[in-house]
Amino acid sequence: MRIGFIGLGQMGSGMAANLIRAGHAVTVYNRSAAKAAPLLALGAQLAARVADACAGDMVLSMVADDPAIEALAWGEEGIAAHLAPSALHLSCSTISVCMAERLAALHAGRGQRFASAPVFGRPEAAAAAKLFIVAAGGSADLARCEPLFAALGQRTFIVGERPQDANLVKLSGNFLIAVVIESLGEVLALTGKAGIDPRQYLQILTSTLFSAPVYRTYGELIVAGRTKPAGFAAPLGLKDVSLTLAAAEQLRVPLPLAGLLRDRFLRVLAAGDPEVDWSAIAQLAARDAGL
Amino acid sequence: MRIGFIGLGQMGSGMAANLIRAGHAVTVYNRSAAKAAPLLALGAQLAARVADACAGDMVLSMVADDPAIEALAWGEEGIAAHLAPSALHLSCSTISVCMAERLAALHAGRGQRFASAPVFGRPEAAAAAKLFIVAAGGSADLARCEPLFAALGQRTFIVGERPQDANLVKLSGNFLIAVVIESLGEVLALTGKAGIDPRQYLQILTSTLFSAPVYRTYGELIVAGRTKPAGFAAPLGLKDVSLTLAAAEQLRVPLPLAGLLRDRFLRVLAAGDPEVDWSAIAQLAARDAGL
Amino acid sequence: MRIGFIGLGQMGSGMAANLIRAGHAVTVYNRSAAKAAPLLALGAQLAARVADACAGDMVLSMVADDPAIEALAWGEEGIAAHLAPSALHLSCSTISVCMAERLAALHAGRGQRFASAPVFGRPEAAAAAKLFIVAAGGSADLARCEPLFAALGQRTFIVGERPQDANLVKLSGNFLIAVVIESLGEVLALTGKAGIDPRQYLQILTSTLFSAPVYRTYGELIVAGRTKPAGFAAPLGLKDVSLTLAAAEQLRVPLPLAGLLRDRFLRVLAAGDPEVDWSAIAQLAARDAGL
Amino acid sequence: MRIGFIGLGQMGSGMAANLIRAGHAVTVYNRSAAKAAPLLALGAQLAARVADACAGDMVLSMVADDPAIEALAWGEEGIAAHLAPSALHLSCSTISVCMAERLAALHAGRGQRFASAPVFGRPEAAAAAKLFIVAAGGSADLARCEPLFAALGQRTFIVGERPQDANLVKLSGNFLIAVVIESLGEVLALTGKAGIDPRQYLQILTSTLFSAPVYRTYGELIVAGRTKPAGFAAPLGLKDVSLTLAAAEQLRVPLPLAGLLRDRFLRVLAAGDPEVDWSAIAQLAARDAGL
């Protein structure tokens, strides 16, 4: 398939590479073109402008946030202005429910197709084609995406026809991960101040009821006190909790845990270093305990 | 080994049965003796008084809370008054850090031994000898317990020499489970109000980053809206979060998530039915969302 | 002075009447013109369109929220398009810090003046010219507003030259009031469940350390259980707490109390009746206590 | 009246002095007798033992917490063992609801009388006889106390016949003050980071809706950043919030604000200096904002 790929950050670079390796004809666009070099070496075409990435059957976008996709999708130079009728925009970014709705309307207004397929997984998983993909959209549209999903991830979940539902699932999943991080931070502060060995404690948790990847991955980061380099930076954590809260406000759903997490991220960011991993919020409980 | 077993509730009954099946000579005591009948059928002796359960090498206690063990261990009719010097009291109850310290001092004052070995697992796991056991105490004492641990659980973790550390690990573990319950309640309220299918949503979670027993077990209970019969009743959930908070206050460790959970349990109990499962707190997010 | 007055809600109607009574030539505009009738009887002119209210030296806007002022200020039919150069737009609405910045930029771009002067006080205070006014803007601009401030309120506080600072003061003040409401709700639930008479309890508070109008006003509403008619409706409470949180997020300031209040308002609104007073959040503590 | 006075801390010293000045025959007891010197100079008798302070018609206790009054009231050397039948123990300490119940039972068991009369006011108010007194007990008992109340405070509120109700009112009042401190800390962090002058901001608040002593007193302490010397030390703040939470747990009343405050006090105390004023919790919001 002829695919445009927009957004070559930590996640997007690995994903685009996997599409190329799977034999697709991929034209890549990134605001700073330097990021494209390794992909050109794999056989990608370089798009000098967004429009150049919109000439095929499908354009996949993987960018940091709402403002980024807004700047790329709208306007004379934007995706919608250049995508062919009936071509598909597949948004893999973790953006707001509201932005997914706006994108769907934007493309529908021009006879184009839109689907959402945000992914779970850190950059290593993106590079290894081990992402979990949560997709929503028209069933014919999703059928067209199947070869891509196969090249990008280990499993795809279809949550329905409304693209924005996939975004809500993704946001709520990141919120759940942040809860795990915070809760590990609290119990490690408590047992650590009592003098219990943190690695052994963590091993008890992950060998028993909490034998899930998320407890292992973040437990190790927290115990090691390693907040850099960021696999997923704290500002993105704040963004996702804020978007979860925004979706919840729209739907009139109180989320006390999300309010608490929002403050944790703000506190980490107020300390001045936006390049720490989002798991840095787990250090706050220890600090507040005087450790 | 000649073992006294005190406390034949939902957990204790299954545990005592497994000790009998493993060939130990078990004398059982329970406040209301009726609960002993199935165990007598398996070969247990009945202790009419606490003292009668204290004649062997070891007495194992498995009761509901601090007041229960306090009433059993102290006083002229209590465990300490009747246990032989150098005999061991193994406390498997989920009691406070402070009570574990007091029990250790009580027995030490009489030349008796004391160790803590609280367990993770619901009544089904107790019956199936699938408990996870978290033990702390003198190494010789724990060595004596090994045959019991083997009969009771699937794995034992030794956390150190101070008995109370095992209790803190257990309490913090229950606190972590309660966090999972609350967080599932919140995301299910959010995605449910958006119209996303809860079973499918749960399946996405538990097939990906949250593939741990605790997410599966409680996710299913919450989605089914099943709060009775209680595997672990809400007052016990309140007790454990309160004991976690008490230990944290003693150690000067703020635990914002625990404060929030405490209020959730109080709210469930204020509604008037103390016999619901502790996972009933997960229904509050849905109720607050108007679902 | 020739003044345009835009927004004849519960607050605006009383304020406009006071300006007329003080001798100003007031042209009033409201989306639904029917609200203007009592003011026309006092001597106001009716503006059929926004533009008709922008012909004088100053236009004062008093509307519900950001979308309302956005719809009125921008566009071909908007305030900015019709206000004379050097004429002043005085915004008394409780809008976001961000919107105040955008309005200032909008008018500056056309050589017009802009100042913010949100007010504290419920509709009765607006009608009685007893408002407290918090103003910020250029000093010459605020000097022009002095006769208006004198006609509208009992006291004016100048907080500086940046208009948006007045909005932040106003939002934070409403946040503080909401904290008072919530805290009264909690202590009244606690003492009420203990059987202490709520009126006497409230009298103790307001005769001693809490002898401020806000404790008296809201204490009485809460004890009476009176949530209608709304002096300040719950959706406005949610709006102001949300705007406080938005300003705090922009500035990287964690506000745990605001997060908690946001959930209280969402819960009240999820219950389905948006016309209750914002003090309805105080009933939640009682409900959660089973009262 | 012949009065025993037990507890010569910052509050008790001023109160005892006022009783002496009002003409009462006061015998004072304090664990470290040195504190009694200024009172002896005013005409007090020194009690070498608790018993010596229990020979009159009434004994008034004003001590720091539950353990202190427990050590003084029970036992062979305690108040109850030495007070005459029908003599009255008036407890002015801020103790738990549960302890007030236990004291009432202790004295009732010996035919003695008991009443609670905790006070609002910092040490300056105690010295100036400007306390607010919240009293509960039998009406005849409280009638006997009237001359004392007149000598100690500016106003007395009778809340009923159950002594513990006065303690709950007092605890809930301190909880409300702590809420004010926290809320001022949050708004001052928010507006301060925006560049708004804190003294002017505070003046706006206290000139308008928040014109209560508690906002003025604590607002000034916070803006000045003055946490020492403590008028009311942080460990007492923690104690009172914890006792409020304990009473609430007993009554099954969720109190989200109290849970949050508890963590604030723990965090201040975990930082290592227990001699700061309880208003030190207000500095945390600023610190978390990076100020």
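Quick notes
Going by the order they are written in, the chains are A, B, C and D; count residues from 1 in each one.
Note that a residue touches a chain if its C-beta (ideal position, glycine included) is under 8 Å from a C-beta of that chain, and two chains touch if they have at least 3 such contacts.
Treat the numbers as computed from the prediction; the structure is a model and nothing was measured.
Here the repeat of B-D among A-D, A-B or A-C is A-C, since over half of its contact pairs match by residue number.
Farthest from chain A, judged by the mean position of CA atoms in each chain, is D. Chain C and chain D have Cα centroids lying 38 Å from one another. Here the spacing of chain B and chain C, counted between their Cα centres, is 53 Å.
The multi-chain contact residues of chain C, meaning those touching 2 or more other chains, are 248, 252-256, 260, 263, 266-267, 270, 288-290.
Interface residues of chain C, counted against chain B in their complex, comprise 263, 266-267, 270-272, 288-290. The part of chain A that touches chain B in the complex is made up of residues 97, 120, 132, 134, 155, 157, 159-160, 162, 165, 168-169, 172-173, 175-177, 179, 182-184, 186-187, 189-191, 193-197, 200-201, 203-205, 207-215, 244, 247-248, 251-258, 260, 285, 288-290.
Of all the residues in chain B, the ones that touch chain D in their complex are 238, 242, 245, 248-249, 252-256, 259-260, 262-264, 266-267, 269-270.
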